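The same subunit A turns up in both complexes below, where it pairs with subunit B and then with subunit C.
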Partner chain A sequence: MFYRLSGVRHADYVSDSRIYKVPTDRNLAVFFLIIGLAAPFIIPSLYLNSYMLPWLIWTAAALGLNLVTGWAGQLHLGYAAVMAVGAYSAIHAARFGVPWEFALIIGGLASSVIGSLFAFAALRVKGLYLAITTLAMQFVMDWVLSHSPTISGGSHASLQSPTLTLLGQEITSDRAYYYVAFGWCVLVTIFMLNLKRTGLGRALVAVREKDYAAAILGVNSFYYKILAFATSSFIAGISGAILVATFFFLAAPEQFSVNVSIQVLAMVIVGGLSSIIGSYFGVALILLVPGVVNTVVASVSQWLGMQVNVETLAHIPNAVYGALIVVVLLIEPLGLGKLYGNVRDYLMVWPFDQLRK
Partner chain B sequence: MDWIFLAELAINGALTGLLYSLFAIGLVLIYKASSVPNLAQGGLTMLGAYVVLALSRDAGMPLGLAIPLAVVIMFGLGFGIERVALRRLAGRPIIMILMMTLGLDIFLRGTTLAIWGGTSRSIELGVSYEPLFMGDILISRIHLVGATVAIVLLAAFMVFFRTRIGIKLRAIADDYMASWSVGISVERGVGLSWALASVVAVAAGIIWGEIQGVDQGLSLLLLKGLTVAILGGLDSILGAVVAGIILGIVENVGADFLDPLVGGGSRELIVAAVLILTVMIRPHGLFGRHDIERV
Partner chain C sequence: MTGVDVDIRTGEIFGLVGPNGSGKTTLTNAITGFYPPNAGTVRLAGKDITGTAPYKVAKLGVARTFQNLALFNGMSVLDNILLGRHIHMNPGVFSTAFYWWAAQREEIENRKIVEEVIEFLQIESIRNELVDGLPIGLKKRVELARALVAEPKMLILDEPMAGMNQEEKGYMARFILDARAERGVSVLLIEHHMDVIVGICDRMLALNYGEMIASGIPKDVVSDPRVIEAYIGGSHG
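Up next, the complex of A and B:
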C-alpha cells in the first residue's frame, strides 16, 4: 500500500548494502528529519523543551546502550554512572575555561576510559553475573560521586553548568537548546544506522551470538567487547553532558543514580534490542507516558469530584512505568521495534499476501 | 583495638547478616527452581510488610491473625506473578527475564506506595528495644529474633527439600527437560518456588520493617540480598546463610575501620566491593554449582 513493493529483492550488492532498502523507509526518515528541523516553529516552546528535548537526548543515550546491549549482547546496568562521568568531566572542563566543543569531547573520552573498566567485568563473566557486576559498579560510582566534594561540589550539592557555547554562538534560547539536542541525536542515529553495514557491527553481532564461536571465526571478542563498551560510553558521556548543559543546567549525583540506569535499560528493552526506531519508541513510552497518565488520572479524578491522595498521585507514574515494562515484555519480548517491524512487513506485501491464503 | 568492642561488632554484624540471608533465601529459592534472578524480591518484601500492616493496623486484626493471613495472600500472589508474568518468558534470553523482574519490582513498589503512602510506619511486633547484655556485649533483641527466624527458615527448607515436593523442586532445578519427561509438573514447581519466596518476603518484610520502619527503604535491601545470594552461590540455601554471616561481619567491622577514613557511609561501598570481588574471583559463589558452558 504505502510501500508499493512486494518484498525486498536485491539484484546487486550495492542495493543490498544500502541503509534503506525500501524507498518508502528512506522517505519516511527524510520526512521525520524535516519535521524535526521544523519542530521549533510548529510545537509550542513549553512542549519543545519539556518533552521533545529530553526525548531526543535520552534517545541518543539509549542508542548508545543499545550498541553494547543490543548489538554486542553485553548486559549493562551501570550506564547512568558512565553518563555521569561524561557530564561531570565536561562541566568541569568547561568551568575550567576549555571551549565547550572540546569539553564535550573530553567528557566523552573520560566516559570511554571509565566505561572500559566495565568491559573488564564483561571479559570474565556474562549474562546475569555481568548485569549484577555492572550494577555493583554503578553503586561504587554513585558513592564516589556523592563522597568526593571536588567532583560533585559536596554531598547534596550541585554543580552549575556554564553557558553552552558552540562554534562561537552562545546557546541560550529554547530553540537553540533544541537544535543542539536534535543535532546530537541525528548524529548518533546516523552512526548507528551505518553500524550494521560495517565490519565493526558484524563483529559485534558475532560476539553477541556466541563469543567462543566468534573467536573461532577469527573475531577477537576481547577487543570487540572493550570497543563496544568504549564506543557506547563515549556516546553516553556526551549525551550526559548535553543533558546537563541543555536540560538540567545543574549536575547532581541523583540525576545519574541506579534508577536512571534501570530506566535507560528499560527504554532499550521496551524499544527492542538492536532496533534503532525501537529506541525512539521505547524512550517515548518510558519517559513520557507515566507523566501523561498521571495528568489524566489527576484531571479525571477532579472531573469526577473524587479526592485523590497527593501521595497516591506522586507514586502513580512509577506504578505505570513498571506496568509498561511488564506489559510490553508480555506482548512482545522483542519490544516495540519488533511490533513496528511486524506492521511494516505486513503492509509491505499487503494486497498480495492475501492471494496465497 | 578493643577486643570486646570488636567482638560486639562481629556478633551484631553476624546477626544483621543473618537478616540479609532471610532476604536472600527468597532469591535463592526462585533461582534454584527456574534459574531466574528475582530482582523483584525487594518489591515483594516491601509489599509483604505493607500487607501485614494493612491487616493489623487498618483492619484491626491481632498480629497473630494478620501474619498468617498475609502469608496466605502473598503465597497466592507469588503463584500469580509466576503464572502471569514469568511463565510466558520461559526460555527467553536472560536480559528479558531480568528486565521483567525489574519491571515487576518497579510496579510493586509504585503500586504499594500509591495505595498505602510512603510515610514510614512501624509494625510494633512487641519486641523490646532494650539491648540484651551478654557479658559486656550489647545485642539488639530484634536482630536476635530475626536471626532466629532466618535459622528456623533454613532448617525448615532443609527439611522441605527432603520431602516429596521438595525433591521434585530439586529435580526441576537440576534439569528442566528431564523432570518434564518423568512427569513432574515443572510449571507448578516453579510457581511453588515463587510462592515460597513471597512467603519468605513476608518474614523478611516484618523483621526489617520492625528494624528500620516500613517504607520504601525496604526495597533497597536488594543489593545486599543479591550480594549474599551470589557470595553463597545462587542455588544454595545453606550458602545464603553462611554468606549472610560473612557479609554481615565484614560489613560491620570493615565499616568501623573505613568510616573514619572516608567520612562515613562506607557500608554500601563494602557490599559493592564484596559483590564485584565475588563475581570476578568465584562467580559460582562459595557453595554454588559450577556450570560449564559449551559452544
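Up next, the complex of A and C:
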C-alpha cells in the first residue's frame, strides 16, 4: 500500500528500465536527495562534519568495494591500501600545483592502475586465496608508506593536504566540505544504480555466480574481474583523496591500515552484498553507532547519577557495536539492505498481504 | 574419446545419444573449448576452432545449454536472457556511468530482441521473476531462450528434456523445431529420450565408451543391434 503498484504501468522498455520502477521508491530517493542538499542548513555543523560527511565519503568508498565484492564476487582485503594510493597521489599532485579537479582524477587513475596491476597477479587464484593475496597488497602498501619518506613523509609523519579548490572556488567552509562529499557520494550512487541495469552489471553477476556459464555466453571472466578491480579502485582512490582533503586534512599511513580495510569490508557485508542502500546502512552502523552508543551511555549514566569510569565507557560502545553486527547478520545474513527490502516487500502489499501469490 | 567424427550440416538437427559416461558431454565440452581435445580438430563453418577459449567460441556463434542448468541465481529471468545478448553488446564502465547517452539505446534494442524470444518460448508471465524458484521445465526453457537470443549458428542442447513430463517434452521439441525453422540454426541435441530423437532429428550418432557405434538416419541407428546392446544390454549367453 505504501509502495503502491496499482496503476503503475510501464508501456515501453525505456519506462520499464527506469532506476526506480515503483513511484514510492523514486519519491523516497528524491526526498532524501533534498534532505541531503538541505542538511547543512538543518544539521548543526558539528554533526554535519563529524558524522554526515564521513558517512557519505565512506559510503562512496564502500560502494566501490561492493562493486568488486558484491557484484563481481571477489573478496578484497586490501581496499584501504588502494584508497591510500589515491589519497597520496592526489595530494602530491595538488602540492605539486596540479588543479584539484585533475589531482583527484590523477588519484583515481593511480589507484586504478595499481589496483588492477595487483589484481592482474592476484586473480590467478580464486576465493580465499585471492583474499589472502589482496591482504598481501595491503601489507606491501603499509610497508611502502611507512618506509618511503618521499611519499608519506616518514613512518610517523603526516602529509598536509593543500586547500581544496574546485571549479575556482576555495573550499574552506564546513558546508562546502559537506557538499563535496555529498556530490561524490551521489555520483557513485548513480553509477551503481546504473550498474544494476546495464550489461556490465549483468556480466559481473554472471562471473560471480557461474564463471563457466558466463564463458559460454561470451563473457571473458578475467577481463571483467580486472575491470571490476580497476573501477572499484578508481572509486576508492577518489574517495580516499576526498576523505583526506575534506575530513582528515592530513594524510598519515595509519588512516589506511589493514583494520580500515577490514572495516570497509564489514560495512559492505553488514550492509548487504550488492545492495546499494545496504551500503548506506552498513556504513552508518559501523561508523556511527560507536559514537551514538558512547553518547547514550554517557547521558544515561549521568541521568542515573552513576559514576562510570573512563575505561568502561570506552569499552561499552565496542561491545554493543560488535553485538549489533552479530545480531544483524543472525537476523538477516544478506545484511541491512535485505532487511530494508523485506520491510519494503511487506509494506508493498500491506494490509492485503493475504493476496500475495 | 577416440575416433569420433561428427559433421553437422547447416540447419540440421543432429541427435547424440549414448549411455551414461559414453562421452556425449565430453564431446560438447571439446567443441565449446572447455576441454581442448588431445588430438583432432574442431571446425566451425570451415574455420579451425580447436582449443579456442569458451568465451571466444561463443563469439564465433556457438551457444549451448547445460545438462544441470547453469542459470544465474539471484537474477531475474529477463536479466538471464539479456546476458545471452552479451556478445552483441558493448558493456563498459563509461557506458554505465553515462547510461542515458551511452547505453540506453543499446539496452532497449537488445531488450526488443530478447522480448521476441520470450514471446516465442511463451515465458512472458515469468520474465520478472527470479530464476531461483522456477520449476525445472521453465528453467530449461529460460536457458534455451538465453542460448537463442545469442543468434548462434550452432546450438548445442545438453539434455534439454531431462526431468520433463510428456507434455513439457512435447513443447520443448516444438520449440527446437521452430527455432530451426525460423532462425536456421543447426542443433546438436543430446538426449536420452529416444522418441524425441527419432521424432525430430535429421541424423544422429550413438556413442559408447567414447567411440562411435552407429550413425545415420535415426530410424536405422536405434534399430542397430550395437545401440540396443549398449542401451538395454545384449542377450547373455
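Throughout what follows, the second predicted complex is superposed on the first by the 324 of 357 C-alpha atoms of A that agree within 3 Å, B and C clash if a C-alpha of one lies under 4 Å from a C-alpha of the other, contacts with A are read in each partner's own complex, and residues count from 1 in each chain.
We adopt the following convention: contacts are C-beta pairs under 8 Å (C-beta built on N, C-alpha and C of every residue); 3 or more make two chains touch, one makes a residue touch a chain.
Note that the structure is predicted; figures quoted are calculated from it, not measured.
Asker: According to the stated criteria, A:210 is in contact with first (subunit B), second (subunit C), both, or neither; which is it?
Answerer: In the superposition, A:210 touches subunit B and subunit C alike.
Asker: May I ask you to decide whether A:11 touches subunit B, subunit C, both, or neither, giving the answer as first, second, both or neither?
Answerer: Neither: A:11 stays clear of subunit B and subunit C.
Asker: Which partner, subunit B or subunit C, touches the larger number of subunit A residues?
Answerer: Tallying touched residues of subunit A, the top partner is B.
Asker: Answer with first, second, both or neither: which of subunit B and subunit C does A:42 touch in the superposed model?
Answerer: In the superposition, A:42 contacts neither subunit B nor subunit C.
Asker: Can A:139 be said to touch subunit B (first), subunit C (second), both, or neither?
Answerer: Touch status of A:139: first partner only.
Asker: Does the superposition put A:306 against subunit B (first), subunit C (second), both, or neither?
Answerer: Neither subunit B nor subunit C is touched by A:306.
Asker: Given the touch rule stated above, what does A:325 touch, subunit B (first), subunit C (second), both, or neither?
Answerer: Only subunit B is touched by A:325; subunit C is not.
Asker: According to the stated criteria, A:167 is in contact with first (subunit B), second (subunit C), both, or neither; which is it?
Answerer: A:167 contacts neither subunit B nor subunit C.
Asker: Where on subunit A do subunit B and subunit C both make contact?
Answerer: 210, 212-213, 216
Asker: State the interface residues of subunit A toward subunit B in the complex, per the touch definition above.
Answerer: So the residues of subunit A touching subunit B come out as 69, 75, 121, 124-125, 127-129, 131-133, 135-137, 139-140, 143, 147, 210, 212-213, 216, 262, 265-266, 269, 273, 309, 311-312, 314-326, 329-330, 333.
Asker: Could you list, by residue number, the parts of subunit C that touch subunit A in their complex?
Answerer: It is residues 32, 34, 53-59, 63-64, 66, 70-75, 79, 82-87, 89-93, 95-97, 99, 103-104, 106-108, 111-112, 115, 146, 150 of subunit C that touch subunit A.
Asker: Which stretch or stretches of subunit B touch subunit A in the complex?
Answerer: Touch list, subunit B to subunit A: 37, 84-85, 88-89, 92, 94-96, 98-100, 102-111, 113-115, 117-119, 223, 226-227, 230, 262-263, 265, 268-269, 271-273, 275-276, 279-280, 283, 295.
Asker: Provide the residue numbers of subunit A that touch subunit C in the complex, in ascending order.
Answerer: The contact residues of subunit A facing subunit C are 13-14, 17, 191, 194-195, 197-203, 205-206, 209-210, 212-221, 227, 230-231.
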